[in-house]
Amino acid sequence: MGNIKDFSAIVLKKTAFSDELFMLRVLPEERIKQPNPGQFFLLKSWEGLDPLLFRPFAPVLAHEDGSLDFLIKVVGKGTQIIRSCMEGAKVKLRGPCGNSFPDPAGQRLILIGGAVGIAPMVFSYMNYEKKLPVKLILGVPGAGWDDFCESDIFSNLDLEIFSDDGSIGRKGTPLTLFEKGEIGEGDEIWACGPIGMLKALGTAIDAVKENQIYVSLEARMACGIGGCLGCTIPTKWGPRRVCADGPVFKWAEVSWNEL
Amino acid sequence: MSFSDILGVSIGKLMLRSPIIIASGVWPMEPERWPSGIVDKVGAICTKGLTFSPKEGNKGIRLWETPCGLLNSIGLQNPGLESFLKNEFQMLKNCGCPLIFNLAFHREDELDLLLDKLSSSGFDGTVEINVSCPNVSGGGMAWAVDLMSLEMVLKKARAKWKGDIWVKLSPNVPDIYDSAIVAENCGADAIVVANTWLGLAIDIKKKKPVFERIFAGLSGPAILPLSLRLVWEATNVVKIPVIGCGGITDTESALGMLMAGASAIQIGTGLLRDFEVINKICGGIEGYMEENEIDSVKQLVGLAKKNHNIRG
Amino acid sequence: MSFSDILGVSIGKLMLRSPIIIASGVWPMEPERWPSGIVDKVGAICTKGLTFSPKEGNKGIRLWETPCGLLNSIGLQNPGLESFLKNEFQMLKNCGCPLIFNLAFHREDELDLLLDKLSSSGFDGTVEINVSCPNVSGGGMAWAVDLMSLEMVLKKARAKWKGDIWVKLSPNVPDIYDSAIVAENCGADAIVVANTWLGLAIDIKKKKPVFERIFAGLSGPAILPLSLRLVWEATNVVKIPVIGCGGITDTESALGMLMAGASAIQIGTGLLRDFEVINKICGGIEGYMEENEIDSVKQLVGLAKKNHNIRG
Amino acid sequence: MGNIKDFSAIVLKKTAFSDELFMLRVLPEERIKQPNPGQFFLLKSWEGLDPLLFRPFAPVLAHEDGSLDFLIKVVGKGTQIIRSCMEGAKVKLRGPCGNSFPDPAGQRLILIGGAVGIAPMVFSYMNYEKKLPVKLILGVPGAGWDDFCESDIFSNLDLEIFSDDGSIGRKGTPLTLFEKGEIGEGDEIWACGPIGMLKALGTAIDAVKENQIYVSLEARMACGIGGCLGCTIPTKWGPRRVCADGPVFKWAEVSWNEL
């Protein structure tokens, strides 16, 4: 039997970084299996039947008291409703879903997050920082992301920020780093973020072997446990489920041109 | 009384411990993925739609939420019956409740091949013939829509298959009466009413249809009033059990479906939305029966038809 | 550019300042009851379904909510055309936008009588022939379902009526192609796709159907994917404008309906849910057009069909 | 043009009287027309499309600052969601809807509320207590209604309570009062509550002319402004809309046997 289940949680804290970006700390009302780096949860904050389904989010942090932090960007109906939920409110979760990043084989771990794709990267950082050198690279659009980039999530982390408009950190995207040769042999790369960025990864970094690059992908989901076959992405081995065979895939096995 | 004395129903040769069946295509075919405690009260589980050859399914977006509904265009992705029998089935056969083989086919002779392969594997249980998948071309739903070909394939299947045959009808038909009667006349042991409704979604950012195949199948609570109506209609014209399917998400909708005439119920989208839904519904039905002093769930079947003319 | 340069559309002889029309049966026929500011951007208003003789409508429960949907069984309650012309119409005719007469009938000669009475009152505008009301017996929807009688009544109406004729089709038909083509061939100036879907609700407390007439008409966002599909299909086969109706509640659904091929849109249930919906949608469409550098709403019509084969 | 409109309001206070009964104080975010006795509002506290429609409620009190109190009994999906909404939350309203009680012609006003039907009766009391003698009669099931019956809504009101189980006030229903002849000629009666109670009124009180009895009725609603014809009740003059021709009807004009 799987470890995944539907459970309730209480919203302990909501922190707004901007109109469109906030963090939600929720405390499960029952014991759940702790997530591994790369795993995610399905979440909803509404009663009623519309929206119909949970929304997938990867935790940023798991705290000692069992609470989980989620970083959420408002993009549509579901995330809008989640934003309006207040401290003390009840939410529903399903998880922990998905595979996870395998233990790193490289000598250094480079974690790259594009926008909210940073969530599972911070989680991975916390998990591995004691075991090997880890570097966190965050790419953001710029304006509107200041408060988030300066938040205490990142205090004491080896973090480098890039922004498209140059308003925060260095100008450019995380890929800029590769062009400059600051990443190379022996490095293992995990990344999560916009498809364009992930796709470019494999070609941008000649020095890193393709099978030392892992990406965490997104797809629309219904069940989250591999049942509905709704969340597949094309791979070298045919369609694979993001929720069950992923969300973490080797860069080299994804059929990027069909995505 | 035990749980299954109260909630048990029989459909053809099958005895189900509860009237709640997991509909085809929503539940993992790997029991090790099942969250614990979720299927304990399930009457039966339908397999993912199986075809003779493996199928990769449709490309592009496969799921799209609509108001209280879900459009899907999976396109019958499956490993093919042979591989399924060798792998998934080995684990599934011990899952604690009957497994219903949902069979889909493009050409007529494919159903023959499917049934042959199935018998030769030793399985002689219930098959659910899927003549209503809207998400594949040249086959699927086309079978239910054309009454002549429906009759032809069902007759052949009946001649071949010794176990029970359920026929999963399409709601996308001129009217459900005709196909229900054809299925009964061809010797079906039950009909499932129904599958998904043909729908469309437009992606206004891309300014084009969401799905590569344009249309997709609508399921979920949005269609509940429509499937209730179909079940009411179908049970007016056939005597074989009708299994209600479409939009069940809670005790109230499940009870409504039974009272409208369904002998059992399939749940698809409702389970995607809430893993606890089957336990909740079984509990809810039991509670309702106790309150209303009803001993057996069978007494609920078609109750609304009997009461229709009573005032108040 | 002015508001109506951007949002204006024409349907037959009618110029509408926006493509948003209030669907029949949801809006008070007494303008003094209208909340202020709500109809300022409305392209046209359809009257409540009018019959020759007054009708009291159906008894018992008339409304029942379903998931994202509304079942209604009003049964065409109306004061009759004559009284309507004498009373409500006197106020309505100055309401600032075209009024569309929604006409319903049981017997064939009733439509004749309705059109005669209407001409003799001096009205020569647009009528919407309602062949799709599911909530009355011996008439209503029956007209759209039987293609021969549909053709007969529409031909007669065409011969008689000089103004525009819209035909409001039923979704409860074998397929929308046939009735759409019949309407076009009979000289309709536009078709409305579509009316409510036949549904059922069971009252589990009373253990019987909610509605005295058992079935009722399903409207609201639940049916959106179904009406989008019908509009896509209908606009594949007719050249006259198709007016999309069923489940529009916001900018996204309105844009989807236009892109699927609708030349204009009717809103019913969406307005019951939110009086501001028309203003919101008009504003939303304008915003979308600006962002996407589209000058006229007409360019949105059928856009998704043109783009279907473009990748990405 | 009508005075009815859709507007937003903020939940100022939620008071629970029992698991199933609570009061909500909401402050409209814009100026609205003040309701008259008997008028009601449609209310919803959810985003999303399910439940689809507003729910009708009659205000108990209108405060000086513009806020309105609603007394709500949890009966289904909509009221369940409303119960879960928190102070500070935004709700939507439509109103004020409906006709209202005409100015009383009798010498004394007897206001009878069955369960939550008390809401418009308290409202009417406040409106008329300075103008003529008013007596408020509340009938409740009993257990679970204690906190409500003892709440300060009723302090300083001439109130008599009946409960079915005798646990609060006198045992019986408000109709008991009539049997005892405590109400008679010259009294005008307004009532709101369960259909059975309202129906019995006209026959229970011989001494009161039928046209001095007014009732406020309930029906399922969609538009609230007389457009959809969904909320009709049978009357001597044919079907009449509860939301527009009502909710207040003369007892004598309602076709009780067809209800």
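Labels A, B, C and D are assigned to the chains in the order they are written; within every chain, residues are numbered from 1.
The definition used in the following text is that contacts are C-beta pairs under 8 Å (C-beta built on N, C-alpha and C of every residue); 3 or more make two chains touch, one makes a residue touch a chain.
Note that this is a predicted model, so its numbers are computed, not measured.
For chain pairs A-B and A-C, the one joined by more C-beta pairs in contact is A-B. Averaging Cα coordinates per chain places chain A and chain B 36 Å apart.
For the pair chain B and chain D, the distance between C-alpha centroids works out to 46 Å.
Once the centre of each chain is set as its mean CA position, chain A and chain D turn out to be 51 Å apart. Within chain D, the positions touching two or more other chains are listed as 49-51. Each of the following residues of chain C touches two or more other chains: 67-69, 220-221, 249. Taken as a contact graph, the chains are fully connected, with every chain touching every other chain. Those residues of chain D that touch chain B in the complex are listed here as 49-50. Chain C makes touch with chain B in their complex at residues 66-69, 71, 173-175, 197-202, 204, 206-209, 214-216, 218, 220-226, 228-229, 232, 247, 249, 252, 255-257, 259-260, 288, 303-304, 307-308, 310, 312. Contact residues of chain D toward chain C in the complex are 1-6, 49-54, 94, 220-223, 225-232, 234, 238-239, 244, 258.
Residues 46-51, 77, 80-81, 84, 86, 88-90 of chain D are the ones that touch chain A when the two sit in their complex. Chain B contributes residues 67-68, 221 to its touches with chain D in the complex.
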